[in-house]
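What follows is chain A paired twice: with chain B in the first complex and chain C in the second.
Let's turn to the complex of A and B:
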């Protein structure tokens, strides 16, 4: 009895903390989003906050921006990360292992930089008065720095997209490279003997093998970007703001009565994330994307 | 001119540390393999046979020499354009593809339509005994079945040359036997030219039209199994082929004298004086029993039975003749008349004496 329950008991403190902080917070947020807020005398539960939120143009604007930014940055990071992982893998196949390791380390550098710092790097580089515009102006490519496109604090969200792409490319590579490294060098020999050049080897062997992990990696980046706060707060505009920032604005700048709406935004974000996860899981099962590659 | 021609092909590997000292070298090799022939490269591990195979496949680039198929110079043609197939020690099937897709891979690379290539793959899978396995994944097959699928993948691409790098060495002995029979049958049926690499003498002897013996990066001798067995070009070849009774000695004035002085006889073979190795195949050594006599001119040895052995239906006796240990093949009748420690006399016909210089 003791032997059986011992591992669970040992795990109890950490699971207790996780359950209390994560699920407790989520549950508290759910209750408050439903209007249950004893501190201001609200003891009834209703969907008023959700109704108001879904009826508000600001919410839909924020949602559109959030989906756009998350989709573009995760796709860009996915494409770049995938391409770089394949390039590194092909470099390692050409038996220049030392070079491949060096490049891998170099590409992993952004992983060590916090998101907030990455945001500032983008500001310093891509603002109209940033380094890049000054360099272009100095080179005579643009006449004045004002001609440099607005990429930071812009309504489309290019600054956020740039920051997330730069930051998440190494993450995608980190997820994909070990999968590609499992491809035996002999498979390259096999494919060459049977007529596959480099491009066809990538298309027929490397890509299909990489695809399941690529989908999962891109999904993780999407979900993270979808609900992250600091970079949109730093590089976004006041209106429309991405959903996490919108929630923060509602929570801090409104009255206590607006807090259920702020928390409803978070609950919607959580529900959408779970729904997206289920969709990816469903299709990954249906496409049998891991079949044969255990 | 048809078939594969290898002319003065060589390859040197450098050591990682200095790049100056050669760690392995494939000496310049000349070899011609006829179209439709089953040719084996036989040699111990590390002798350079896989290197030669990879040079032929184009997976390695040689330092010098030419590789031609028919009239076409393939020396600088990349492997993907040579239209060869290769079966490796492991099946190396692609895990994310079904057996049908794996088999049809070569045809897909040749841009053959999906319907046609899958139907061809199905036909070839039937040929190797894997009918109905098209939709399974490699991990669902046993090792032997995977190697059959690899063979089907190699053959379906209709290669000019099928290269096989110890393809059955990872299989159980029984399965290996089955695969040899399967390969032999299919090769005869399709008439495909095969270059087979192995370190297994039995395998090479059973399958091949001709065999090339390799050692230390050199091609020592090429011939049919019988030629190699009966007329090995050197003691090294004889030793690798498992021949017993290799006796080093010297020829002087038509007499052979073993190095240990335990054996001396006149030989009718015309040879210059100097060091020679005498090879006595066990089946050429005949015991002289009470009612038989050695033919006139034959060479006679005296000795004592040190051991009698029975293996796979064949009898052999180890005879201690002076300091030499000779092995002699016996019939059942002959073996039954002998006992350990029994003194006996043996003879060998002059025509069966085989001398090699090195």
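Let's turn to the complex of A and C:
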């Protein structure tokens, strides 16, 4: 009896806390998004908030922006991170020294940088009077400050895309490097015996091995960017804003009537991230990303 | 052979400089610039005004760092206490509902935690938990706990029950077994989880803002007005301080772990030797 109930007892505190604080919060939000709020005398449930939301242009604008920014930044981070992971791996094959570990450590620095700081770095570098604009002016490429494109607080979301790319490249590298490291050094030698050059080796061996993990890593970054707040809050514009910022704007706009709408945005966001998360989970299980290959 | 990789090495160094070096140089110069006009590559005059303001002025920096660290530490301790038994159950037992438990524990990684925090906000308000450190601590648990559980699970999966059985045969009670056999083995995992927990807790802005309502002033809350269109020098100095605090917290945890293994070296060596 004790043996049977032991794992449940061990799990009780942690799952209890998450159920209470996290799922309780989700459920609380769901009820309030449906307008059920006994403390102010609202006992009726309705889909008014959802109907208003789905009927408003600003919601769809937000959704479009969110998908666009998440897609572009995760692809950019994926391409850069993948290229850098392969470059570091080739470096580690060529030299026996421990340098490649140091390289990896250095490249992973942005992972530890808080999002707000990452956002501010992008402001400093990419705003119209930022460092890059100054560098271009010093090189004589641009003459007027206005010639530098508006990349921060722009409607397209370039600032957000740049900030997320910077933050997520190390993450992609972190996910890919262990996969590449499973390639034995002898494989490189065998490929050379058969006459494959460096680029053939990368294309025929490294890339196919990396591909499933690459897709998963890019997808994870996509989901993370989807629910990001700090960076779009700092680098975005008031309209259109990314969904989490949109929800925050509705929530803090003051009127009690808009709160159900804010919570409805959250619930939609949660449902979408769950769906995306399930896709990641399904494919990573199917492709056995977490297990080794024999 | 080596020569062929020289271009690659130069290329990587260049990328590294653009990627890591340039942002920090920009922050550093901006933090000591006294007015940095557009076409100038370097500011005309330098001053430590911004650093003076945030470090010795009445800006409340130190207090906010204290609040940030206090919250991060309490969250970390709660996470360790919750995660160790949970990881034990998930790794070492087969039981019904295991996947459900995993789904519950790892859900906050996928579903953005601010969704739950905004939902629970009014309930916290009624319970008097808003504007308190306790409320913020509770709000920081769900974004951090999954990472702690994950890290400790990795450690548990490499610990064979044979070790505990051996200790049991030698007459060690459950407390002794845990303290002398299990805990030393879990420590690297716990440290990795603690690093993540601290890092995530330190960099929370939105969750702290919603529950703390601006009354619980952590460093991100304090610096936000500056980086969203305030004084650039102060904003840069705060950004460096904030990034430095996060890196330093991780570094000191790493050092503490190394020190632990140094003082406990003989026993650890013996365990490792026996394993081989």
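Going forward, the second predicted complex is superposed on the first by the 271 of 294 C-alpha atoms of A that agree within 3 Å, B and C clash if a C-alpha of one lies under 4 Å from a C-alpha of the other, contacts with A are read in each partner's own complex, and residues count from 1 in each chain.
Note that in this section a residue touches a chain if its C-beta (ideal position, glycine included) is under 8 Å from a C-beta of that chain, and two chains touch if they have at least 3 such contacts.
Only a predicted model underlies this, so the values are computations on that prediction, with no experimental measurement involved.
Judged by the touch definition given at the top, the superposed model places A:107 against chain C, while chain B stays out of reach.
Within the superposed three-chain model, A:184 lies in touch with chain B and out of touch with chain C [touch as defined at top].
By the touch criterion stated above, A:193 is placed in contact with chain B alone, chain C being left untouched.
When the shared chain is aligned, no partner comes close enough to touch A:151: not chain B, not chain C. In the superposed model, A:237 makes contact with neither chain B nor chain C.
In the superposed three-chain model, the partner touching more residues of chain A is C, compared with the other of chain B and chain C. Against chain A, in their complex, chain C makes its touches with residues 1-2, 4-5, 8-9, 11-12, 15-16, 19-20, 22-23, 26-27, 30, 38-41, 81-83, 85-86, 88-90, 93, 95, 97-98, 101, 104-105, 107-108, 110-120, 122-123, 126, 138-139, 141-142, 145, 149, 199, 202-203, 205-206, 220, 223-224, 227-228, 232, 235-236, 239, 242-243, 246-247, 250. Residues 184, 186-187, 189-197, 200, 204-205, 208-209, 291-294 of chain A are the ones touching chain B in the complex.
Residues 4, 6-8, 10-11, 13-15, 17-19, 21-30, 32, 37, 39, 84, 87-88, 90-91, 94-95, 103, 106-107, 109-110, 112-117, 119-121, 123-125, 129-131, 133-135, 137-138, 145, 166, 169, 198, 223, 227, 229-230, 233-234, 244, 247-248, 251, 262-263, 266-267, 269-270, 273-274, 276-277 of chain A touch chain C in their complex. By the touch criterion stated above, chain B contacts chain A in their complex at residues 54, 57-59, 78-86, 88, 90, 92, 94-98, 105-106, 108-110, 137-139, 153, 157, 163.
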